[in-house]
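Each of the next two complexes has chain A plus one other chain: chain B in the first, chain C in the second.
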Partner chain A sequence: MDLQSLKKQEHQRRIKYGFMWALFCAVLWGLWYLPGTAVWVLNPFDQMYGEVAASSGDGMALVIVAVLITAFNAATVILALGVWNGVLGKFGEMKRTLKEFHPCSKWFFLASIFGGPMAILGSFIAMGFVGGAFAAVAALMYPVVGAILASKWYGEKVTKRAFVGIIVIILGGITIFGGGVITEIASGNVLWVGYLGGLMAATGWGIEGAIAGKGLDIAEPDVGLTLRFIGEGIIWWIIAIPLLAIIGFPMIKYALLAFEPLTMLVLVFAGITFGFCYVAWYKSFPLIGVGRGQGIGNLYGLFAVIFIFLFFGDVPSWTILVGGFLCLAGSTIMFSEDTGEMESLRGD
Partner chain B sequence: MANRPIKFRILELCNSGKWNYEIVEQIQKEYNMHGDFQRDSINFDIIELASGGMLEDIETKVDEEGIYKKGFLLHKYALTEFGKVRAADACLMYV
Partner chain C sequence: MVQTEAAMEAYNAYWANSPLPAADVLWMVVILIVALLALWQARTFVSQF
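Up next is the complex of A and B:
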């Protein structure tokens, strides 16, 4: 085989791996909705919701419980990633990266602020004050934010075709959750805080991706990601939870009650799926770019619906089938792009 | 040596242009990393740096003798302008 065709083959392999990682991310993210949904009805979170709702109202209860669940989620993700890095033998590299605060680790800690309190909490706020469907649609917008930031900030190339693909997947997502959103908004009395939560989710994850892309330039993805979650763990466990406890919410009491076998099992399952969804997400960025990685990652909406149907038996309506078709069409637009366009992901 | 993140060291090594198998060998030695898995993981770091626009391959040849992997490509990499900026930020050696 000659040099040119070997070059082409090698390049195609890189793109293929990039898309594969992004697809893994979407599947795992979709899978995460199973423990992510189930954990709300388990104790102590169910009890906690009741107690906070009685004194502060349903919306507030949802956000407060969300903080504790997200904190546990971050903790189990750190655990899963710890095992992962141990198996790969990357603790040494983690120490080296952590020490490089200025060029490297500061980006991951910054990413944890946008991805954690801003995006994850924002999406729970959207769920609490508007509804689950609205939260899901709002989150689907994040690749647009991510792609625009990555291209303006450090000149990542986003081809027209990739952008069209992202838009079609978003339209698919809107169709999947659209009916629910209309019902939720039409039910009236939607507080503006709910919409703010949606905006936080879309911009938070988009900014996280762009910032992480900056740090990943010169760091190992597995290591960078673990640092990002350690950052999030610190935000929840050292700042948010003690602060809320001081204000008077029963955070510590219910945190200690969470060590029940079933609750822990579900939380660990959430940690594993969420952790590895992020591993796959971060691995795809250097290979196919932030815009494409996030675009394909957006298929999580479709996978979430499929898994929820398989495990909980919620039958999807026809809008979901149409939306699913749009999601597939959007990804095909991206998959089938001539990879010659992606020789380097940066530049004019 | 071996007290800074691997990608920093790769950028440093590529300053004057280097073949990927040379980089991998040197990193393996400096960071005490053995085995095929570690070797491939270092090579993957190089690929990531290249797709991130910090390294460009200035020469390519087919690995006929199996220096790295027989039948696959060998790349000689050098820092790009963007790579120099990022390296200056990280490694301080161009400042």
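Up next is the complex of A and C:
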């Protein structure tokens, strides 16, 4: 075998792994919806919701409880990523990356600001003030933001075929959640802050992807993502929760009450799915580019519907099936792209 | 904090309509299988690149 063929073979393997990681991200993100939904009815979050809603209203209660759940989610993600890095023997690399703040870790701490408080909180604000379906559709727009930013910032190539694939997957997502969005908006009395939340989710995750793509030029995805979640943990536990407690919300009281076996078990599974999904997302970026990685990652909408049907028994409506078909069509467009087109992910 | 009866009822209601047997435990098994598969692929990936 000549050098050219070996190079081509190596390149094809990288692309194959890139799509595999993006697909792992979508499956695990879809699975996250099981513990991510069930944890809300468990105590202390259920009681906390009631207490905050009684004094500040339902919308505010949803956001405040979401902050505490997200903070616990970040903590269990750090634990899950500790296992991941331990199995892969990456702790030495983590120490090296952490020490190199200026060239390396600053990107991941920056990504934690956009992906954590901006995107996750934005998503919960959209959910609380407009509705769950609107929040899901708003979040689906993030690959467009990510692909445009990565292209303008460091010249990542997004071929026409990849862009068509991303758009078809987004259309599929809109079809999946579209009926719900119309119902939510038609119900009236939607506060503008809800739409702002949707915008925060789409831009936050898009910007995070573009920043991560930059940071991953010089750092390992497994380590980079762990630093990103350590950053998010600091934001929630050192800044947001004490600040909300000072304002007068019962954050500390309910944080201490959360150490209950079933609640912790569900949170640990949320941490495993979210942490492993995120690390797979980051791993796909250097291999297939931010735009494609985020586009395939968007299949989480379809997987969430499948897992919710399998485990919660919620039968999907026909619009969801049409949306699912569009998602599959979009991913097929991307999977079947000639790998030669992706030989160089940057520039011409 | 111990789970109240209402909380446990709401939690169990999620899995009650699942077409799969023992869905309240099976979801955790599925997550563990997918997570272990991802970890195994990550180790393979490290050894190949």
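Note that the second predicted complex is superposed on the first by the 342 of 348 C-alpha atoms of A that agree within 3 Å, B and C clash if a C-alpha of one lies under 4 Å from a C-alpha of the other, contacts with A are read in each partner's own complex, and residues count from 1 in each chain.
Operating definition for what follows: contacts are C-beta pairs under 8 Å (C-beta built on N, C-alpha and C of every residue); 3 or more make two chains touch, one makes a residue touch a chain.
If you're wondering where the values come from, they're calculated on a predicted model, not measured in any experiment.
Engineer: A:A219 in the overlay: touching chain B, chain C, both, or neither? Say first, second, both or neither.
Structural biologist: First partner only.
Engineer: Kindly classify A:G248 by the partners it touches after superposition: chain B alone (first), chain C alone (second), both, or neither?
Structural biologist: neither
Engineer: Who does A:L34 touch here: chain B (first), chain C (second), both, or neither?
Structural biologist: In the superposition, A:L34 touches chain C alone.
Engineer: Between chain B (first) and chain C (second), which does A:M20 come into contact with in this model arrangement: first, second, both, or neither?
Structural biologist: In the superposed model, A:M20 contacts chain C only, not chain B.
Engineer: So, A:A280: does it touch chain B (first), chain C (second), both, or neither?
Structural biologist: Touch partner of A:A280: chain C, not chain B.
Engineer: In the three-chain superposition, say which chain, chain B or chain C, touches more residues of chain A.
Structural biologist: C
Engineer: A:L257 contacts which: chain B (first), chain C (second), both, neither?
Structural biologist: So A:L257 only meets chain C here.
Engineer: Identify the residues of chain A that lie in both the chain B contact region and the chain C contact region.
Structural biologist: After superposing on chain A, chain A residues 14, 88 contact both chain B and chain C.
Engineer: Per the contact definition, I'd like the list of chain A residues that touch chain C in the complex.
Structural biologist: Contact set of chain A toward chain C: 13-14, 17, 20, 24, 27-28, 31, 34-35, 37-38, 41-44, 46-47, 84, 87-88, 222, 257-258, 260, 262-263, 265, 269, 272-273, 276, 279-280, 283, 307, 309-314.
Engineer: Within the complex, which stretch of chain B touches chain A?
Structural biologist: So the residues of chain B touching chain A come out as 3-8, 11, 31, 33, 38, 41, 45, 47-54, 56, 60-62, 72-73, 82, 86, 89-90.
Engineer: Can you name the residues of chain A that touch chain B in the complex?
Structural biologist: Residues 1, 3, 6-7, 10, 14, 88-89, 92-93, 96-97, 100, 102-104, 216-221, 223, 286-287, 344-347 of chain A touch chain B in their complex.
Engineer: Touching residues of chain C toward chain A in the complex: what are they?
Structural biologist: Interface residues on the chain C side: 1-4, 6-7, 10-11, 14-20, 23, 26-28, 30-32, 34-35, 38-39, 41-43, 45-46, 48-49.
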